[in-house]
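Read from first to last, the chains carry the letters A, B, C and D; within each, the first residue is number 1.
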Amino acid sequence: MTSVRRVSAEQAISRVRSGDVVMVGGFGLVGAPLTLIDALVETSDARDLTIVSNNVGEAGRGLGLLLRQGRIRKAIASYFTSNPEAVAAVNAGQLDYQLLPQGTFAEAIRAAGAGLGGFYTPVGAGTLLAEGKEERLIDGVPHLLERPLRADVALVHAARADELGNLWYRGTARNFNPLMAAAAGLTIAEAGEIVPVGGIEPEAVATPHLYVDLLVGAKRL
Amino acid sequence: MTSVRRVSAEQAISRVRSGDVVMVGGFGLVGAPLTLIDALVETSDARDLTIVSNNVGEAGRGLGLLLRQGRIRKAIASYFTSNPEAVAAVNAGQLDYQLLPQGTFAEAIRAAGAGLGGFYTPVGAGTLLAEGKEERLIDGVPHLLERPLRADVALVHAARADELGNLWYRGTARNFNPLMAAAAGLTIAEAGEIVPVGGIEPEAVATPHLYVDLLVGAKRL
Amino acid sequence: MSGDPRTRIAARAALELEPGDVVNLGIGIPNLIPGILAPDAGVVIHTENGLLGVGPRPAQDAVDPDLVDAAKLPVTALPGAAYFDSADSFAMIRGGHVDVAVLGALQVSAAGDIANWAVPGRDVLGVGGAMDLVVGARRVIVTMTATTGAGEPKVVPECTYPLTARGAADVVVTELSVFRLREGRLVLVELLGGATLDDVARATSAAYEVELG
Amino acid sequence: MSGDPRTRIAARAALELEPGDVVNLGIGIPNLIPGILAPDAGVVIHTENGLLGVGPRPAQDAVDPDLVDAAKLPVTALPGAAYFDSADSFAMIRGGHVDVAVLGALQVSAAGDIANWAVPGRDVLGVGGAMDLVVGARRVIVTMTATTGAGEPKVVPECTYPLTARGAADVVVTELSVFRLREGRLVLVELLGGATLDDVARATSAAYEVELG
């Protein structure tokens, strides 16, 4: 097999272009690819980004830094409220946004990676978040048609990678990372630890290496 | 936490009723719940069953035995050809069947467990297997609407279970088992080995115990 | 009962849980339940960010940065716990595999409609897993004070706040009483903490039936 | 080239594979490719029953009953392999994460339509993963003899057998030649094993262009 390309965070992030849709793993800061986010904040000029991430960081931390730089055009998330600056940016008309129920958000990302054209969920039917969506009665229950969520680039964090690019996640840091790794044209993974091939049990691989394009050592564990 | 109910294969199988939809894990005989299938063949009177399984066993082995007994009314599968007796039963009008592409079959089972009303897949569009299905152009590509596949009872095989009912699968014996465990009203798991709580690493659990209702020791490894 | 109303509400809600129940707890009053439940209650706690088998909060010097609940607060995992990704976690929820969701609400209607994620006139910027939970969980227990800080009833004829889901509530526990939704009827089944029928009537604008056990 | 036609077809198809390619191999001719590829070819083999990183077939006394390929034959797993369930496996396939599918066919049309799962007049009782693979894989290489045992051409104007998918083939390798589908045009790009243009013309009923390299 062929090893995954090992690059620096700066090299990896140089692949993000202005206007890109960028998925970022993590639930708050847990499982967030902080090394890659730092590189995106500090070494990239890419602007006009659409960020797909459950939260938009916290004020001045993680994606919150990118927001402060005014480089996020649109955010797709289930929960903005944890970052008051994101709420303020929306109110000031500086940030476009799309809000999805968290399960729909996760499933839409999975659907993109899985090559599905869309799915019907009962969640959100009859609410504000159903606006503009096709509703359909299935077995007497209203369902919404939800479309896949794809990205140009995914930034994910794993506790462990092997040299092929197989990934293993720890605890609740798994969250959206494996879904996003499968849903982007280019997947950049940072790993807390990079082990030789064979260092992850085949049954325990959560993201098989075919999803990972570039591998970066994470600065922090 | 509460331990899963440990029962004999006979006790577990006594829960299968005539007319039930029964999912059976395995790809051919690999990962098939052979202890439970034996009990279904030898100790149960349930007839008129709808079997959801990738194959319908092999002639005189696994589900093939149940077929010989004339207790399968309908089979939903991706591949009948490996059991000539299943093909003969169809030709003789003794077995109703539904054929699905293997990926659609797997995804439909997942959709049932995941509470989705259906999904759109490009697979099968324009073919014989699209007959009677709703077709929809999505981004210019024809997609079929596929509905979830649910069951009354799922029979699955795991290499290892803990006393709570968490399951771990080995090698390619995983296949349809975790999907089916989530898609039935009653899930009966057989395990090659039953270990104390804590004996499966939390990151390695493939079927969390909330999906498992009854646990049976497998006779064979 | 004693203590502050929120703890009393949580304590009453905890009585609704049965051994073996898989329970998801919302932020606020529901999150008081783990401190109230007996250790042998046999209840299994699910958190939607990817853990079945949530244990007690860790000591400050034993915090694991990879281990939080949906409130982003440190937790522990009990022996026999399982981790999973967010799609699998919400598959559990939406697929009806989580037995009970206990959550706070801003309003509940006579038909069991729940509003718990947004206040009209303010921007609606966070929904999290609320909609998935109220639609997916087999049983939905709402825990909330009977009235707002300004004294407005929260059990109302129709929700005026944005809905989380229609007809989703099964039980409503306030500091004054327990309501159950029975085939679409809102029924007062229990008075709490010395409250009278008049106390409940004053704090409730929805119509309801009374069937005290 | 030498040897039987099937091995020659497999050998030519193997040349289409590049280091790093993730490849799914169908039953029949495609399954001869692992025996032909150099060990350092850098090709990663995926089998849809749930394994990425298929290794050589085991010795008879080293067969692992939990480890088979989609033909239900024993295989091994290479270091760095990963196992997954069938939904995840077909998510890989349908989602375009498998680079190449190499498969046999009964017919391929001038438009790249593939028929490889059913013969008219016989009951259609097995499809397996064929439809998912030809729709999902980024590149689809068809390997087949140019004609049936009865001498009927298999590269045809329109498939008369039940379709697996429309417009899915990218490359067709027979014992006589290599065709490529280029923006909907069927193009003969290479003659194999001493075959002449006439040989190909006699064995092919579809119209095609000729652009020999």
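The definition used in the following text is that a contact is a pair of C-beta atoms (placed from the backbone, for glycine too) under 8 Å apart; a residue touches a chain by one contact, two chains touch by 3 or more.
None of the values given here were measured: they were computed from a predicted structure.
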Between the pairs B-C and A-C, the one where more C-beta pairs touch: A-C
Chain centre separation in whole Å, for chain D relative to chain A (CA means): 34
Chain A-chain C separation of Cα centroids, rounded to whole Å: 29
Intercentroid distance (Cα basis), chain D paired with chain C, Å: 54
Where chain C touches two or more other chains at once, by residue number: 51, 77, 83-84, 87, 90-91, 93-94, 136
Touching two or more other chains - residue numbers and ranges from chain A: 107, 110, 114-116, 121-122, 169-171, 174, 202-203, 206
Pairwise touch network: line, ring, star, complete, or other: other
In contact (per the touch rule at the top): chain pairs: A-B, A-C, A-D, B-C, B-D
Footprint of chain D on chain A - complex, ascending: 1-2, 110, 112-116, 162-164, 166, 182, 197-198, 202-203, 205, 208-211
Residues of chain A touching chain B in the complex: 107, 111, 114-122, 136, 138-139, 141, 143, 168-171, 174, 201-204, 206
Chain B partner contacts - residues on chain D that touch it in the complex: 47-51, 64-69, 72, 77, 83-87, 89-91, 93-94, 118, 123-132, 135-136, 162-166
Chain C - residues contacting chain B, complex: 19-20, 22, 42, 44, 46, 51-53, 77-84, 87, 90-98, 136
Chain C contact footprint on chain A (complex, rising order): 27-28, 30-31, 54, 78-82, 86-87, 90-91, 97, 99-104, 106-107, 109-110, 121-129, 159, 169-179, 206
